[in-house]
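Here the chain labels run A, B, C, D, E, F, G, H, I and J in written order, and each chain numbers its own residues starting at 1.
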Amino acid sequence: MEISGITEALLKAKEEKGLSFSDLGGLVGRSEVWTAALVYGQAQATADEAAKIVSKLGLKRDRDEIVPFLTAFPNKGLGPVVPTDPLIYRIYEIMQVYGYPLKAVIHEKFGDGIMSAVDFTMEVEREADPKGDRVKVTMSGKYLPYKIW
Amino acid sequence: MEISGITEALLKAKEEKGLSFSDLGGLVGRSEVWTAALVYGQAQATADEAAKIVSKLGLKRDRDEIVPFLTAFPNKGLGPVVPTDPLIYRIYEIMQVYGYPLKAVIHEKFGDGIMSAVDFTMEVEREADPKGDRVKVTMSGKYLPYKIW
Amino acid sequence: MEISGITEALLKAKEEKGLSFSDLGGLVGRSEVWTAALVYGQAQATADEAAKIVSKLGLKRDRDEIVPFLTAFPNKGLGPVVPTDPLIYRIYEIMQVYGYPLKAVIHEKFGDGIMSAVDFTMEVEREADPKGDRVKVTMSGKYLPYKIW
Amino acid sequence: MEISGITEALLKAKEEKGLSFSDLGGLVGRSEVWTAALVYGQAQATADEAAKIVSKLGLKRDRDEIVPFLTAFPNKGLGPVVPTDPLIYRIYEIMQVYGYPLKAVIHEKFGDGIMSAVDFTMEVEREADPKGDRVKVTMSGKYLPYKIW
Amino acid sequence: MEISGITEALLKAKEEKGLSFSDLGGLVGRSEVWTAALVYGQAQATADEAAKIVSKLGLKRDRDEIVPFLTAFPNKGLGPVVPTDPLIYRIYEIMQVYGYPLKAVIHEKFGDGIMSAVDFTMEVEREADPKGDRVKVTMSGKYLPYKIW
Amino acid sequence: MEISGITEALLKAKEEKGLSFSDLGGLVGRSEVWTAALVYGQAQATADEAAKIVSKLGLKRDRDEIVPFLTAFPNKGLGPVVPTDPLIYRIYEIMQVYGYPLKAVIHEKFGDGIMSAVDFTMEVEREADPKGDRVKVTMSGKYLPYKIW
Amino acid sequence: MEISGITEALLKAKEEKGLSFSDLGGLVGRSEVWTAALVYGQAQATADEAAKIVSKLGLKRDRDEIVPFLTAFPNKGLGPVVPTDPLIYRIYEIMQVYGYPLKAVIHEKFGDGIMSAVDFTMEVEREADPKGDRVKVTMSGKYLPYKIW
Amino acid sequence: MEISGITEALLKAKEEKGLSFSDLGGLVGRSEVWTAALVYGQAQATADEAAKIVSKLGLKRDRDEIVPFLTAFPNKGLGPVVPTDPLIYRIYEIMQVYGYPLKAVIHEKFGDGIMSAVDFTMEVEREADPKGDRVKVTMSGKYLPYKIW
Amino acid sequence: MEISGITEALLKAKEEKGLSFSDLGGLVGRSEVWTAALVYGQAQATADEAAKIVSKLGLKRDRDEIVPFLTAFPNKGLGPVVPTDPLIYRIYEIMQVYGYPLKAVIHEKFGDGIMSAVDFTMEVEREADPKGDRVKVTMSGKYLPYKIW
Amino acid sequence: MEISGITEALLKAKEEKGLSFSDLGGLVGRSEVWTAALVYGQAQATADEAAKIVSKLGLKRDRDEIVPFLTAFPNKGLGPVVPTDPLIYRIYEIMQVYGYPLKAVIHEKFGDGIMSAVDFTMEVEREADPKGDRVKVTMSGKYLPYKIW
C-alpha cells in the first residue's frame, strides 16, 4: 500500500481524539472530503492551516515532518491501476459501466468538452431511506470546452 | 472501440430525429443517464420499452436486431483498463485522487461497507456559474454494510 | 508478498497455541472464514472482540499495535492482478471458466443484478468421498437487482 | 467480447423457446451450470448429447456448425484479465478479499494442497430471505494434496 | 492500428490533391494541428466546416459517411498504452524524463494546479539551424488551480 | 514513489532558502527546466556545477552523497507506465489525443523522421490572459531523418 | 527479487558446505527438485525433516527462523508475469510455442482434462551427447478428467 | 483466439478421418508433438512433407493455401501473456512454482547456462497408475553454457 | 498478428520469384535489412523505388494498393509488448540482460547520450564457425549527446 | 531501480580509481561488455577473477559480500517490461521496428532457427564520422536451428 506513514499517523491521532473530518475541516474552513484529501496527501494546505491541524491533533512534536507533508505540492494518485478495495473499485465500476452514458449526456448538454477534475468539488451525504440508507455523492466540476484554434 | 454497431445506429437516429436522452427516457418513464446506459448496452429494457424506443427513433425495420439488444442481460463494461478519452478519464482520475478520501469519509459516516454501484442512480445537471458553467453529477448508491458471520 | 507483519505474528501465535480459526472465531461468535479474513486484515472487529483474540493468542504485549490493526477499516484486497499461488489461482480459474455460465444462470433465476460480495458469507467444509475427500465451499450473497431510474 | 457467435445463437434459441438451462440439462442428465458452461464453449458434450440439444432448440439446420462446437475440446477461459462485468467481477473480488483466508482455512483442514477446479462441480440456488433473497453458490472440488517425491 | 478507415480515406485524398493540413485548415480558419486532429477523429467540426473539407478533397460521394465522422463527439485517444511509433514515443519519453521537472517548474510558477490539455493549443514550426533543422512545438494550456472547498 | 531521497533533500533545501529553479540554474548558466531535471536525477552536471549548487543550498555536509548523484550518468524515467499525477498525466493525454496529428504534421513538414527528445530543450512561461493565465511550454528537438542504407 | 532472505541463507550454507540438492534430499528421502523447491519456499517439510536439513547445513543458531519457513504452508509462485531470467523464460517459451500442441496431444490421448501440477513430480538429468550434452526434464502429473455433473 | 483458420481446418479434417497426430507424424517420420506443433503453425515442414499431410487429410483442394502455411517460417507463440486455458496454465504454474528450483538444479549440474527451447524435443506418454493414470512429459534441450568473452 | 496483408503478399511473391531481400534491395541501391523493413511497413520508399519493386515482384495489378503502402509515412512498431516469437524475443532478452552493461560502456566511451535508433543502420552476416555458424549483427547509430540548456 | 547496492559500490570504486571497463576486463582477460555485465550481476566470474577485481578496486574489506555476488549464478534481467531509460529503450525500439525485418533476413540466410543470446558476444566501438561520431554495436550469436524430431 502506498499510503504515507504520515497519513497513518494523522488518521491514528484523529481516531484517538475522536475527531471527524468535518471537525478538522471546520478548523480551516474546508469541507470534509477536501480535508480527507489533505490527510491522504492529495491536497495542499497553507502553513497556517497545517499548523492548526497539527495542533488540534496533538502532534506538535512531529510538526517538522507533518507540516511540510501538508504544505507540499502533492504527487497525486495512490492506488494500483485497477483498485482492489471494494469501496474504491465501485467508482472504477461506475466509470466502466456508466462512463460512455455519462459522456453522451454531458456532450448532449454542453458540447465537446469535459467536466474538470481539478476545478472540482465533492460532497458525501447520508440519505435516509426506509429500504436502507443511501450514500449520496455530489460532484461539481467546471465545464471546459475543447479549444478550437 | 468496443461500442456496438447497434449503439451507433441508435445514436445516429437520435441525432437525426433531434431527440435528447431525456426525450427518449420520457417515453418509458426513465432518467436520461439510465436511457443513455440502455443505448450503450449497459442496462436492460422490457420488450415494451424497447419497442417504444425503436418506434420513436424510426428504426422499426431493424427491430429484430435492436429489440433483443435492448432487452438482453448486458455484459457490462466497455473501455480499456485505463480509459484514454479525456472526459471518461476524469472519472478515473477522481478515483485515483479522491478514492481514499472518499473511502475514509464514507467509513466515518457509515462504518465498514460500500456504496452500491448496482442499487445506484446517477443524475447530470448544468450549474450556471458566472465564472463558467459547471457539470453537476449526483450519485446515489445504497449503503451495504459488510456482513459479519 | 503484501501480507502484513501483524498477520504473520497472529498466524505464528495461533500455530504455537495449536488453535484453529474455528477456536478463535468461537471466542467472538464468528465463523472460521470471517475470522481468517480478520487475521488477514480483510475484516473489522470491535475493540472488545480484538481484545479477546489478542488475549487468547498470548499477544497482550503487542496489543497497541494489533488491536488497531484488527479494528481499523480495512484496505481490502491483497494479491497481484493474477494470483500465482495455485490454491488461490483456482478461484481465478473458476471465474475464467465458469464466470459467464454462472452469470447466465443467475440472470435466468433472478433477472439483471448481481450476487453481493459484501452482504456475503462463505463456509468451507470437508466432504468425505471414497475417491478422495472434497472441499466444499458455500457462498451466499444477497441478490441485488440493478436499479432502474 | 470473445463470446462465440454459436453461443449467441444457442442463447437466442433458448430464449425464444422459453427453455431454462435446467430444461436443457435435463435432456442429457446434467446440471444447469454445466449445461450453461457447455453453451459458453467451456465444456464438452458427446455427439449424442449435442444432437439432443440442437434438436430441442430447433437448430438442426445449423447442426454441422453447432455439433462440432459442442463436442470439441474447449479452449477454456473467456474474459479479459480483470473482468469488467459487475456480476463476474464479484467472483474476482471474492478471490481478492477472501483468497488468503480461504487458503488458510483449507490448509488448516486439509494440509498443503488445493481444491481442484477440474474435478469440480458448482450449483446455484435461490435462498428466500425476508430481507431480500440471496444467491447461494455451492462449489465442490476434489482435495488434491501436493505430491512429495 | 485503430486509425479509422475514414481517416485513411481523408489522408489519401489530401495526398492525391497535394494539399497540406495548413491548406485544409485555412478553408475553415483553423490551425494545422487542429485540422490534423480533426482528420484523425480527435476534434469536432461544424457541419459547414465538414462540408467544405469534404468538397475540397473531392470526396462528396462519401459525404454521408465522412460528415458525421467529422461532426461527431469524438471518442478520443488512439494508440496502445505505450506507443511503439518512434515519433509518438518521444512525447512519451519527454513525459517520463521531464514530467517531474515540468511539474516542479509549473508548481513553482503557478501553485498547485495543472496545464489544461482541453483549453489547449499546439503549434509546430521548423527552426532553421546550421547543425540541422529543429522541430519546435509550442503548447499553450490554461492554468487551472486546484479548487479548495 | 520512486523519487530519490536526495531529490527530496534538494527540494526541501531549495524551499527553505526560498530559491527558484531559475536562481539555481543561473548559478551554472542553465535554464530552469534543465535545472529541475538535474534535481530529479534526469540530467548530469559537472563536478564544478554540482559543487556550486550544493554550496548555494547549504548542503555541504552531505556533498559526498549529493555530488555523485548530480554527476552520475542518470538512469532516466521515473513514473509508472501511465502516470497518476494529474499534471503529468496531461502530457500523456496530449500524446494520446494529439500524437497522430503531431506525427502527421511533422511528417508533412519534414519527411520520415522524428523530433529528438535528447538533442532537446524545453521552456515554461506564464502567458497572461484575461480569461485566466496560461502555461506555455516550448519544446525544441533536432529533426532526425530516418537513415536509408 | 522476491527470493526470501532465508532462501539466500540456505543456498549460501549449502554452497559453503559443498552439498548438492541431492545430498540434502537424501537426508529426508526426497528428490533433488523437491528439495530445491523446499529451499525456495515452494514446498512444505515436516518439523523433523526441517530439523535435519538445518542441522546438516550448520544453521542451528537460526533454527527458530528457518524451521517455520520450511514447515509453513507456502504462498507459492515467485517471479513476475513474464520472467526475465533466460533459463526460466525458456519454460515460458515452451508454453508459448508448444502449449497448444501439448494440449492437443494430451486431449487426443486422454480426453478433456489436464495434467495436474499439484499431484506432480519433476526430475532433471544430464544426457550425454557428442554434439553437446542435453538437459532432460521429466514431468509426471496425474491426469484429471473434467468432472461432468 | 489467435488460432489460424487453417489450423482449424486441419484439425477438423484430422478428426473426420479419425487420424491421430502419431498417424500424421508417421507419414513424414516425425513425432506426434512436432506434428501437432506443425498443425498449430509453430513448426516448418518441407514442401514434400506438407504435400503428404495435405493429401492424407483429403484437403488437396485447399493445398494452395495450406502448403504455404505449413512451409513458411512460423511467427511463433500464440496465447495471451498468462494463458487462461487450464491445461496450458498448468505449464505456466509449473514455471511459477518450480522455475527457480529447476534453475538451481540445472546450474548445480551444468553451470551457468540454459536448456535450449530451440534445439529441443518433447514427448508425451500415458503412465498407467492404479491411483489414476498419469501424463508423462519428457523434454530434452541442449545445454547452452553462457559464452564468456 | 498485426502484419499487413500487403506485407504477406509481398513476401509470397518474393518467395515464388525466388528473390532474396538482397536482390530486391539491389534494385533500388539499398541494404537487405532496410529492404526487409520496407516490406514490413517500417520504412518509406520513393514512388520510383516502389514501382521498381512492384514490377520485379510481378505485382503490377495490385500497384494501386502496394505503392501507397510502400511510400507512406509508416506507423512503426508491430509486435506486442513482450514478443513471443523466439527469434525476436532474443533481442528483447539481450536488452534485459545486457541493457545496463551496454549503457554503462556507451556512457564511459561517449558521455551522457544515446545511440540513435533513427540515424541507424543494421547489417546481418553469416560467420562461419567450426562449432556451428554464427549470426553477426552490426548496428551503427549516431551518438546523440544530451543537450544542456 | 533494481540495481544491486553491490553494483553501485563497484561502479563508485571504478569511478574513483579512474578505471574503465576495459581496464577491469584486461585483468581477467575479458571484454569490456562482459565485464560490465559482471558488475551489473548478469554474468558469473570464477573466485580467482572476482578476487582480482575486488583487489584492483580497493574493496578488499567488503570481499565477503562482493565475491559471492560476482561468482553466484545470476538471476538475469533487470529493468521493467518496457524500459524508460532512453538509451536502453532504443534497443527495445530497434526490436519493435526492425524485429520482423531481422527475423526475415536471418530466416532467409539460415532457415528456421534463432540467433542465440546465450552463446553470444557483444562489442561496442566508436566510429569517427564527420557528421557526428557513431556508436557501433556488434553482436555475434550462434545460429541454433529448430530441432525436428
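Observations, loosely collected:
Everything that follows uses one rule, which is that a contact is a pair of C-beta atoms (placed from the backbone, for glycine too) under 8 Å apart; a residue touches a chain by one contact, two chains touch by 3 or more.
The shown structure was predicted, so the numbers you read here are calculated from the model rather than taken from an experiment.
Listed options G-H, A-B or D-H contain a single repeat of the A-C interface, assigned here to D-H, on the basis that more than half of the contact pairs agree by residue number. Greatest Cα centroid separation from subunit G: this falls to E.
Annotation: the subunit F:subunit J pair of sequence copies touches via predominantly different residues, less than half of the used numbers being shared.
Remark: subunit C and subunit D have CA centroids separated by 23 Å (rounded to whole angstrom). A straight line joining the Cα centres of subunit E and subunit H is 47 Å long. Chain geometry summary: the mean Cα position of subunit C and that of subunit H are 41 Å apart. Separating the CA-averaged centres of subunit D and subunit F is a span of 53 Å.
Counting partners per residue, subunit G has 3, 34, 76-78, 81-86, 93, 96-97, 103-104, 107, 113-114, 116-118, 120, 144 as the residues that reach two or more other chains.
By the definition of touch given earlier, these chain pairs are in contact: A-B, A-C, A-D, A-E, A-F, B-C, B-D, B-E, B-F, C-D, C-G, C-H, D-G, D-H, E-F, E-I, E-J, F-I, F-J, G-H, G-I, G-J, H-I, H-J, I-J. Of all residues in subunit H, those touching subunit C in their complex are 82, 84, 86, 89, 93, 96-97. Within the complex, the subunit I residues that touch subunit F are 30-31, 34, 43-44, 73-74, 103-104, 107, 112-114, 116, 118-121, 142, 144-149. Residues of subunit A touching subunit F in their complex: 2, 68, 75-78, 81, 117-118. On subunit H, the positions that touch subunit G within their shared complex are 3, 11, 20-21, 32-34, 36-37, 39-40, 42, 76-79, 81-83, 85-88, 90-110, 113-117, 120, 122, 124, 126-127, 129, 131-144. Here subunit J touches subunit F in the complex through residues 1, 3, 12, 15, 82-86, going by the rule given at the top.
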